[in-house]
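Structure provided below as structure tokens; questions to follow.
The first chain written gets the first letter, and so on, giving A, B, C and D; residue counts start at 1 in each chain.
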Amino acid sequence: MTKTITDVICPFCGTLCDDIEVVVSDDGKQLHEVYNACVIGSEKFLHSQSKDRVTRPRLRQADGTWKEISYDEAADYTAQMLAKAKKPLMYGWSSTNCEAQSVGNEIAEISKACCDNTAAVCHGTTLIAVQDIGLPTCTLGEVKNRADRIIFWGCNPAHAHPRHMSRYSIFPRGFFTGKGQMSRKMIVVDPRVTDTAKMADVHLQIEQGKDYELLNALRVAFKGEWLPDVVAGIPKEKIREAADMMKSGRFGIIFFGMGVTQSLSKNHNIDIAIAVTKDLNEYTKFSIMPMRGHYNVTGSGEVFAWQFGFPYSVDLTRGFARYNPGDTSSIDLLNRGEVDAMFTIGSDPGAHFPISAVKQIANVPSVCIDPHLTPTSGVSKLHVPVAFNGVETGGNCYRMDNVPIDCRKVVEPPAGMLTDEQFLIMVRDRLRKLKGAA
Amino acid sequence: MKNPPALYLEADNVTPDGFAGKTAAQITELHVHEGNTTSTLGKYFEVSGNAGATAADTKIIVKGDVKKVKYLGMKMSAGEMVIEGSADQYVGAWMTGGKLLAKGNVEAFAATAMRGGELIVEGNAGNYLGAAYRGDWRGMSSGKILIKGNAGSDIGMYMTGGEIVVNGNVDVHVMTHAEGGKTIVKGNTKSKLGGQLVDGTIIVFGNIETMMPGYKPNGEVELEVDGVKALFSHYIGDMGERHKKRKGAIVYGNLYKKI
Amino acid sequence: MSEYIIKNGSVFDPVQGIKGDKKDIAIKDGKIADKVSSAAKVIDAKGMTVMAGAVEIHAHIAGPKVNLGRIYRPEDKLFSCTPTRGMERMGGGASIPTTFKTGYEYAKMGYTTAMEAAMPPMFAKHVHEEIRDTPIIDEGAFPVFGNNWFVLEYLKNHEIENTAAYIAWLLRVTKGYAVKVVNPGGTEAWAWGLNCLSVNDPVPYFDITPAEIVKGLIEANEYLGLPHSVHIHPNNLGNPGCYETTLDTLKLAEGMKAKNKFGRESVLHLTHTQFHSYGGTNWADFESKAKEVTDYVNKNKNITIDTGNVTLDETTTMTADGPFEHHLTGLNNLKWANVDVELETAAGVVPYIYSPNISVCAIQWAIGLEIPLMIKDPMRCYITTDHPNAGPFTRYPRVIKWLMSKKARDTQINAFKHKDKVLSQTSIGSIDKELSLYELAQMTRAGPAKCLGLANMCGGLKPGMDADVAVYNFNPDKPVANPEDIETAFSRCAHVFKSGVEVVKHGEIVGTGNKRTLWVNVKVNDNPQVMRDINEKFIKYYSMTQANYEALGHHFVPNPYALEVDATHV
Amino acid sequence: MTKNITLNLISGRTIQQGVAIEGGKEKPSYRTACGIIEMDNSDLKALGAWKSTNVRVTSDHGSVIVKAIEATQGPHPGVGFIPMGPWANAIIDPNTYSTGMPTFKGTPVKIEVAINEPILLGIELVQKQCGVKVG
């Protein structure tokens, strides 16, 4: 016999779909089927069931082999590593719940560490831009109910956020958008003819790295000022046409992704895209929203912010919080050789950092807390496998529009496995003793 | 410098203000930080000579390899400081007065939100030279910066006053969001000059790889810059950005490129 | 639980009418007691002022827009972050402190209860996570109703019973405390870039006016008999001449009577009154209408207000009044954040500098002080800074100084660049009144507690009430030598007790107390229609499922305290 | 002297990459999804390479062997696309311009045919570059 659990939250991307249904065995030990999720989400749920999963902590030996150790030994090792380090980096946090992040922040505070989340290589530059110019935005339901102009700039939801267009942005029939897709105009800006671009009313195939120029040209076009004939490979007529299409809507939104956050100009691309949005509010209603990647990177930023005052790249080494990407940001800390211990949780810098930074991780004492085998666990001294958050344990998470959604536990983890939060509490309590903290 | 640190040192006490009124012995006891550990200046430096009674009559000469030392001259308000080699980030950050000379290179965030005084770098400067701190709309407001080598990206971001002169080349983004002040680049520039600039002046002697579309050609003018008289093509902008009005007329930013 | 006796202090307690008498205050089992055993710890309060813990009725201290302010203002924390100290976690933030700093700062000033003034229902989980991480003080949060689609649709047809049933449901699923209204109708209009600037401007599409929304919500609030009255931020905030809209809004309460078991007498609470008491037609002839507004309030006993004092600081404005923030960024060109929330509300955030060199700011400062000084019944006027909008709550001691000392006010007036303008556009110069400690206790303790329906629990020192006690290093028997002494004394308490636990000693945090989340649990008769409507809205229009909407569980509300209301009889 | 061409490299998400990282980064399916470079037909011709040939991609920051395949989201002449992962990150420009963000998109790279050179598995590739001793 089996039972079906409804309203399950998908712990993959920032879309944080909460309409998933999963079929589990009566004893809640096996997960059989997944409905409503995209192909990536289904894989995430089903992979948790794989038989070859590592279920106990492993410490790398001198000969390079792994030795299985207990969670207690793993917690001791981790606490001692953090206690000894002068400038430990505690990185990740985006694939775990806010409760675990909260315990992690206590650990960071006691050990006076640098803490950072995956925004560092995703939307960190967006946060810098927001700090410079603000952010007119909205929840995804506003887009569903009102938006008639949708711009995807440097993002490819067809691949990265597969259900975004069907749940929120393009297809749904909302309160004021009864005709669904028919009531919306879609503009895509991308150097490639992506599967998202193929659906667009207008595709601006921009010259890579020139987003700042094109966005500037749009602002000039809004004001009807002089423009050069071609900007970023786009003829000025096409730019003016796009500008008019944006102005003529009732409610528009720009969704943007790593095409702008990771290309030359980085934060400035977002900065000026936000300026474009602000300009458009002189003519109509317009919003802008980052397409956040990890399902709870947003939550990590929220917890950092209300506890330390900054959303990422926080340096606690002096005993109080400091923030300045370029100095306190993970990639710079690693590439500049400022870190003497690496603690990774809920992310995979080994796969997603430039190799120069990964080499630094391999050079220092390191702990990797992750249910999967990853390049990070592959270069770390200690690998601590944990339960899958959002599958084998619940906890609060934040969607890309900052809406909090409480994840659900749908199946039991393999016998004897701990959650992120449980393991972090063990580390915190040991660290308190080592540091004699209150 | 002795016992070079494994990581980086934070030496925000090494300023005329921090030394003023102290004897060599007292200065030796000032705190420096390596990661989450605190020790004294004496662990890393020999200190000779006493400071003046005030910052204004204090002169500091920093010898030895301080490539991995941050915050030298931070918040200095007066007096003089010479760094004989190269230093790391935040050299002269938030400085309000005095004279700071670095004979080597300086890393990012030098002269952050500078409010007065003079910074001279004989080597190269890093990114965010004379820029605002994150989130702040109050960048460099006064004072003078001279870089004899090259400078990085984002120089003069949110600048509201003062002057930056770079004898060499600069990387992308110059005076983004500026509302005043002047930047002179004697060498070459790349792109994104004066983006979102409300007011202020950029003068370029070398070439500009890519011009911002928000800058509108406005004829040619003869200017005398740093004693050099030459013909410049004049652009106004950023035409996409808001601008103040003076006597009813809109005041645009100015970009001059030597012909 | 340990016993305490606070001896020889000058006690000010409006609840018992005690006006500075030397009285001992006994604490036992977390409550104020008649007497305690000889084992009780003795606190010598000789030459000190003893009051109940203060009650904050309106501040933005937890939730999405507060945190957006933290996230997008690193410069608000530059060089101001504080280290871990003993049991104190790290803190930071001048105008938008971190949650830990928020709890510590309130406690150190003698505050033991605070209300988060605007909770977007869809973000209730976020609000409660921050409340959970704010130490010491009891907190509640007001969900916003004034632009909520359910409310607009029910009240269009004057369906009070359905509105009430929806309110009861929303308070339960969001663990909310009261009915908050921000720019009624105007914020829904803002979703299209529009606004409602008067109580009669129709709301686009919904075919209803702000007046109908406010009247209907007052009726529903009294139909249910909630502890707090409807809590209103009217239309047209912050504009020259807005006082007329304010008076139009207050008039909507005429003839309405409070109906509840909590001892509350008001049916309408007007918040941050300073922002709603402006005359003039532009920023040049901008003037105070504090007199007109307070005259009306003095005459109408079913209205309470709070002040919204401008503290002359660089701060961060944040409100569910989305169109206002868009207007503001147009004035000061500083970074603008806005969040429109589906079916419910919106919020905006913009930094703002109240400069003593700008005449408008100085006039706003004066209006904020005129209001409490012109009010006849201090039990109906409460001191706030609408934190952080008019200034950070950490400035309360300074506001108290200005209210208690004409000398301090004159010093500030003389420091203004446009002193003459302040004197010509307001009557602050001609007001000699100085607030007494008893009136201060009414405006910061007994008054707000009564208005919130907490009169039996906090805001007083009557035996049986929660032992929330603040002891200030301020001797009422000695003349004030220097007004600065007032600010110093009220900045850091000698002792603070929260539910009988000593949490502050000599201005330092010594305990984290027994922090509670206050919410209102209303029982109503089954209302299948409203349940059907809720279900339909989630299926068709919300971007999340109804099953995932409720803020449920220990990680959101670890220590709840529910005020029970039974509205099934009606 | 082997023939080579220069492209502007960008890395990014693909749905296959998403499935593969959840399916297990130790598995060959991860290499199949991400150990590739998507090239425009015209560029493949210019390089004189057949579809699905192993190529060496070299930048100022490193060098890596991947399989050259025809652009699935093209045309994009002059642009090479490697899905985000260890293969792309072996060669992208780590310069953050002091923003904390490496330049994952917009790195000039040289492409050469390398038929006989093996494409490493993801974890293996990273361990090898970091000189991690594995038992």
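What we mean here is this: contacts are C-beta pairs under 8 Å (C-beta built on N, C-alpha and C of every residue); 3 or more make two chains touch, one makes a residue touch a chain.
This one's a predicted model, so the numbers in the text were calculated from it and none came from an experiment.
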Maximum centroid distance from chain B, chain identifier (CA atoms): C
Geometric centre: closest chain by C-alpha means: A
Whole-Å gap between the CA centroids of chain B and chain D: 39
CA centroid of chain C to CA centroid of chain D, Å: 57
Between chain B and chain C, centroid-to-centroid distance (C-alpha), Å: 44
Length of the line joining the C-alpha centres of chain A and chain D, rounded to whole Å: 22
Chain D: positions in contact with at least two other chains: 97-98
Chain B: positions in contact with at least two other chains: 108-109, 127-128, 133-135, 137, 172
Junction residues of chain C, two or more chains touched: 72-74, 76, 335
Chain-level touch network, classified as line, ring, star, complete or other: other
Touching pairs - complete list by chain label: A-B, A-C, A-D, B-C, B-D
Contacting residues of chain D [partner chain A, same complex]: 8, 10, 12-15, 18-19, 21-26, 61-62, 71, 73-76, 79, 81, 84-86, 89-90, 92-94, 96-106, 122-123, 125-127, 129-135
Chain D contact footprint on chain B (complex, rising order): 108-109, 126-128, 152-154, 171-172
Residue ranges of chain C in contact with chain B within the complex: 72-76, 78, 333-335
Residue numbers on chain B that touch chain A, as the complex places them: 6-8, 10, 33-37, 70, 89-90, 108-109, 127-128, 133-135, 137, 158, 172-173, 176-177, 191-192, 195-196, 210-214, 216, 238-241
Residues of chain B that touch chain C when the two form their complex: 133-137, 242
